[in-house]
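Here it is, the structure, as structure tokens.
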Amino acid sequence: MSSSFLNVQGLRKSFGGHLVVLDDINFQMEAGERVVVIGPSGSGKSTLLRCVMGLEKIDHGRIELEGVRYIEADPKSTKDNFVNIPVRNKVGMVFQHYTLFPHLTVLGNLILAPMRARGESRSSSTERAMQLLTRLGLESKAGAFPGMLSGGQKQRVAIARALLLDPKIMLFDEVTSALDPELVTEVEGLMLELAEQKMSMMIVTHDMWFAKRIATRVIFSADGRIIEDAPPSKMFTNPAEPRTADFLKKVLHVETIS
Amino acid sequence: MDITAALGFLWDYRLALSVGLGNTLHFTALGLVFGLTIGFVVSVVRQAGHPVLKVIVTTYVEIFRGTPVLIQLFWFFFCLPAILGVELGNVFSTVLTLSLYMGAISSESFRAALKAIGAEQRDACVALGLPARVSVPYVILPQTVLRAVPTLLSNCVTLFKESALVSAVGMADLMYQGQMIADATARPIEILTATALIYFVIAFSVTRIVSFYERGYLARMRL
Amino acid sequence: DGYWSEVQKRGTLRCASAISPPYVMKDLKTGEYGGAYLDLCKQFAEVLKVKVEFVDTTWDNIVAGLQAGKWDMSPALNRTPARALVINYSGIAGYDEMNFAYLLASEKTKNPATDLSSFDVAGMRIGVMSGSAQDHKVTERFKKAQIVRLPDANGLNLALLSGRVDVAGADSTTNLLLQTANSEKVGLLEAHPALMKQGISFGLPPQLTYHDIQVLNIFLEEKVSLGSVDASLKHWSEVYLAGAK
Amino acid sequence: MGRYTWDFSVIAANWDPLMAGLAVTLQLTAICAVIGLVGGFLVCQMVMSRIAPLRWVAIGFIEVFRCTPALVQIIWIFYCVPFFFGVFYDPFYMAILALGMNITAFNAEAYRAAIQAIPSSHYDACTALGLSPLKKTLFVILPQAVLMAIPVLLTNTIGLLQQTSLVAIVAIADLMYEGKTLATQTYRPIEIYTTVAFIYFALSVPLSQVVGLCERRLRSRLA
Amino acid sequence: MSSSFLNVQGLRKSFGGHLVVLDDINFQMEAGERVVVIGPSGSGKSTLLRCVMGLEKIDHGRIELEGVRYIEADPKSTKDNFVNIPVRNKVGMVFQHYTLFPHLTVLGNLILAPMRARGESRSSSTERAMQLLTRLGLESKAGAFPGMLSGGQKQRVAIARALLLDPKIMLFDEVTSALDPELVTEVEGLMLELAEQKMSMMIVTHDMWFAKRIATRVIFSADGRIIEDAPPSKMFTNPAEPRTADFLKKVLHVETIS
């Protein structure tokens, strides 16, 4: 068990003590896997990712990365979990609403963490950042403020910002759902590129076509539990659970994805 | 009314008026510096301080927002020194009152700005592994200040205007000088109109700067 | 160590300045302070070998300022027992009587009676300097008239000229100056029997000792007996009238 | 500390004049609040009018009253109006005039902000529903504007309660004036100023609680 | 030509005089047709619908409904078109962001226009409104304020509000794109119901599956022009124009919709 790459054990999370959003989640993932989480609105998908990132105080359970426990519920403290910060820093996350810092330029956003948190020199971090921007075709935007970018560009910069910290695993929470339909492709394209490089990922998305293309494994969650966990070929064509089938039908307007 | 005669009359009193304006700006500037500092500290305490401290600063803010500045001035001039049994200079009492008043109103502006920096930005800081020693000075503080600037500037205008009240405790600010000249010469129209104009020109320019800043700078950053 | 040695240590003698010509005046064009009592302040500062500092204020703050330690002396303060309960006084440097100025053109104040009965009617507005001795006396005497308290002598004068009040009850000298400057507009009424005759002296902080007060009294005694206070009053009255023309 | 011995018997002895002053303060506040609510809306309509001169007059009015100290406005009106027109109206009316115009200017801005906050899609929706311009203003724009402006209007009105203290300087017998008078007559400024401050505070705090409540309820309803 | 049900002729619309958004649009539609407009973001789809509704001042052209010209560019006036208001009132429109009036209840929203603009009595309009709400399963929400409704409910009320005026044609501008995926179905369901009742419609949507299901005709617009106009079977499987194919590929992630 603890030899898994990512290992979530007995995770329980409630808001205000009574609204239980995640209820005894047990979940393992190997390096290089790309797990897409689907499920109805409010089913706790975002909360699951946020717990893995260490953004939420959990009620119960523990999370390990590469066999090292880095988050564990601390029943004594009402405010914080036990957190192993160096390990948590190996997890990267990108959010639905481009959370670029609006007062910094694109380059400033990219080099902030390497310089200020990792102690990398300005010249070396700038060099790495510019290389990455060039790969993404965004080198001309290095000096622009986020407010001047399109939504797709913002999300690609946000992904680049996370990548510059060399994460072991990336979490994506509906990174395209606030984008205009044509801008979606450029962001999804970048994620597919990362997939080719065998980046481990957990992805929440409502775009089932994309899910099918990128996932090595799909999880359907509802009411705070994992209802079904299957490879995409199985999940989208022949789901085992009636609730999964029901949900897919609603979201797709078609019976199955061929 | 003869304009040239009026201007000549005003010219005779240029010294008194400029002394008054100098004092007004002096009091306002000191009130701003101390008031903004108090305001920022108070807003941080209210956001994340010890519960007892929170009660204290909240009471302070409520008192200064809930009573007229005039009574605050009288109180700090004539009550506090007697209660404490120490001498407090007039300028000290004036600046103390204006600072505490400014602190109370600007703490609200800072608080709103701190709130407006959504939880999302804080989450992003965690996701990037930024410790507090990095996220506070490089992410939270600059955004708070940028966002708070418009309301803080209008608070500055408010303080500048409220500072006219110090004339009521005999501080020789612009208002006091204007009133003195009006009283002594029995020609209130010229002098009070001129006084009002001086206040207007300064306050109006600052409000223009505020909207320029909001429209230009803030809009560009889409804060 | 007395109070004055503390003043000497500080190096400045702080004197309250609430305008009341010809006792306390300020030339707004130049910012120069003048007036018979401020001259005395200057001379007393010379005796102490300190600089004099005039602190602008208004009449209604003049006693509170002494209580709060805002200044070392309040010049030209009428002596009343009520005040003497909370602050100290120097010896008498002059006498103050009050009279009433009114607008000649106003119907309300035509042919006023010297016993003040025609002023003490409902709807009459009697202006006084807020917190002054005249304020206290007028408040005692007038029961039907409305009393309007203005912050200083100039404000009171302007209130009378602008019709904000019908009658101004003030120090006789101040009113005389107003009447002289506006003789075609303003009339004066002396009350019979007199409403008050009070000594004017320097108001002093409550914590002064007998010895401290003696210092100032001895200084004043000489100035009064040599007639230099009277000369100074005459001089400043002329200055005021010249300015009002 | 503690050198001073408090003696609140002076308050009991002078309770009547204080209450008489409070009555004047409340009257002034109530009358000017009504003037401000109605006048503010009218001036706001003028600002948004198609007729340019009306607009200019209204904007000028607002800027003058927002950019000069209220004390200057009051003193200007008290001293200059009699000199211009040769009449002195009852000082109480002059005070109402001065304070009323001041709050009208601030309320006009509150209304304007509220109207501008109504999304343009609501205007489109009215056209799509075939509502005439008059019906649109009457049934869609006006009610929303008033609802959204309520918190700011209430805040302005609390500010007005404190502003009324300024009329003490021109000798209107309000709470502040009575306090000042008593302080100079009884030589107990500490007890009196503290009590007066407390009365203002005790009036403001429940009002600002009401504002907070209104704001929360409106926000949840108009969400 | 002028016998068409809706007839848009020589429509030209620019913003600020230079940004030409619609350039000489000619377009006819018969009663009972359901035209879906697709195209890249910024191609002028919303603007076209807004012009038909009479919400924009047009530079050139005219629009007729049932042979009656109701909007015509008026070169003399810089502010307004010529508008025949009684005819324009036969057009109904629903917008992306639920433009329910937040200060009125659901019922208040529904009866506002019948009562205030059409002079119908309160009792009769209330009765019709309640009937419609009952049909939509929303009768329990009549007294609720819009802030208390879900997004899907809001959009259904907005559609009901327009229907209560008995429009000849309904315009829908991306009415589901701000909704959570599961709520989309209830709104699309209502539109399909209207389709069964042969309501004439113009629909802008980014949901190609829905477009395919509801359309009798699909228009692809780009750069202010109508590039292709075809039945859905043709448009989605075998578009004539390369630009259309390109766009569909981007939006669908698959070559064609089967």
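Note that the chains take the letters A, B, C, D and E in the order they are written out, and that residue 1 is the start of every chain.
Rule of thumb we're sticking to: a residue touches a chain if its C-beta (ideal position, glycine included) is under 8 Å from a C-beta of that chain, and two chains touch if they have at least 3 such contacts.
Just so we're on the same page, UniProt names per chain: A, E = Amino acid ABC transporter ATP-binding protein (PAAT family); B = Amino acid ABC transporter membrane protein 2 (PAAT family); D = Amino acid ABC transporter membrane protein 1 (PAAT family).
Remember, predicted model here, so these are calculated numbers, not experimental data.
A.B. asks: Once the contact rule is applied, which chains count as partners of both subunit A and subunit B?
C.D. replies: Touches both subunit A and subunit B: nothing.
A.B. asks: Farthest from subunit A in C-alpha centre terms, which chain would that be?
C.D. replies: Chain C.
A.B. asks: Where the centre means the average of the CA atoms, what chain is farthest from subunit E?
C.D. replies: Farthest from subunit E by mean C-alpha position: C.
A.B. asks: Just the chain pair, please, that has the highest number of C-beta contacts.
C.D. replies: Answer by contact count: the chains B-D.
A.B. asks: Please compute the C-alpha centroid of subunit B, do the same for subunit D, then give the distance between them in whole Å.
C.D. replies: 20
A.B. asks: Counting in whole Å, what is the centre-to-centre distance of subunit B and subunit E, each centre being its mean C-alpha position?
C.D. replies: From the centre of subunit B to the centre of subunit E is 52 Å.
A.B. asks: Just how far, in Å, is the C-alpha centre of subunit E from the one of subunit D?
C.D. replies: From the centre of subunit D to the centre of subunit E is 46 Å.
A.B. asks: Could you work out how far the Cα centre of subunit A sits from that of subunit C, in whole Å?
C.D. replies: 80
A.B. asks: Can you tell me which residues of subunit C touch two or more of the remaining chains?
C.D. replies: In subunit C, 61, 64, 67, 151, 158, 162 touch at least two other chains.
A.B. asks: Multi-chain contacts in subunit D: which residues touch at least two other chains?
C.D. replies: In subunit D, residues 79, 83, 169, 180, 183, 189 touch at least two other chains, as defined above.
A.B. asks: Touching pairs of chains, all of them, please.
C.D. replies: Those chain pairs which touch are A-B, A-E, B-C, B-D, C-D, D-E.
A.B. asks: For subunit C, which residues are in contact with subunit B within the complex?
C.D. replies: For this pair, the touching residues of subunit C are 18-19, 26, 28-31, 55-58, 61, 64-65, 67-70, 151-152, 154-155, 157-158, 161-162, 243.
A.B. asks: In their complex, what parts of subunit D are in touch with subunit E?
C.D. replies: Touching subunit E from subunit D are residues 119, 121-122, 124-125, 127-132, 135, 139-140, 143-144, 147, 220-223.
A.B. asks: Report the residues of subunit A in contact with subunit E in the complex, numbered from low to high.
C.D. replies: Where subunit A meets subunit E, its residues are 40-41, 180-183, 185, 188, 206, 209-210, 213, 247, 250-254, 258.
A.B. asks: Residues of subunit D touching subunit C in their complex?
C.D. replies: 78-79, 82-83, 87-88, 91, 169, 171, 177, 180-181, 183-185, 187, 189
A.B. asks: Which of the residues in subunit E end up touching subunit D in this complex?
C.D. replies: Residue positions touching the partner: 50, 53-55, 85, 88-89, 91-93, 95, 97, 99, 101-103, 112-113, 116-118, 145, 147, 161-162, 165.
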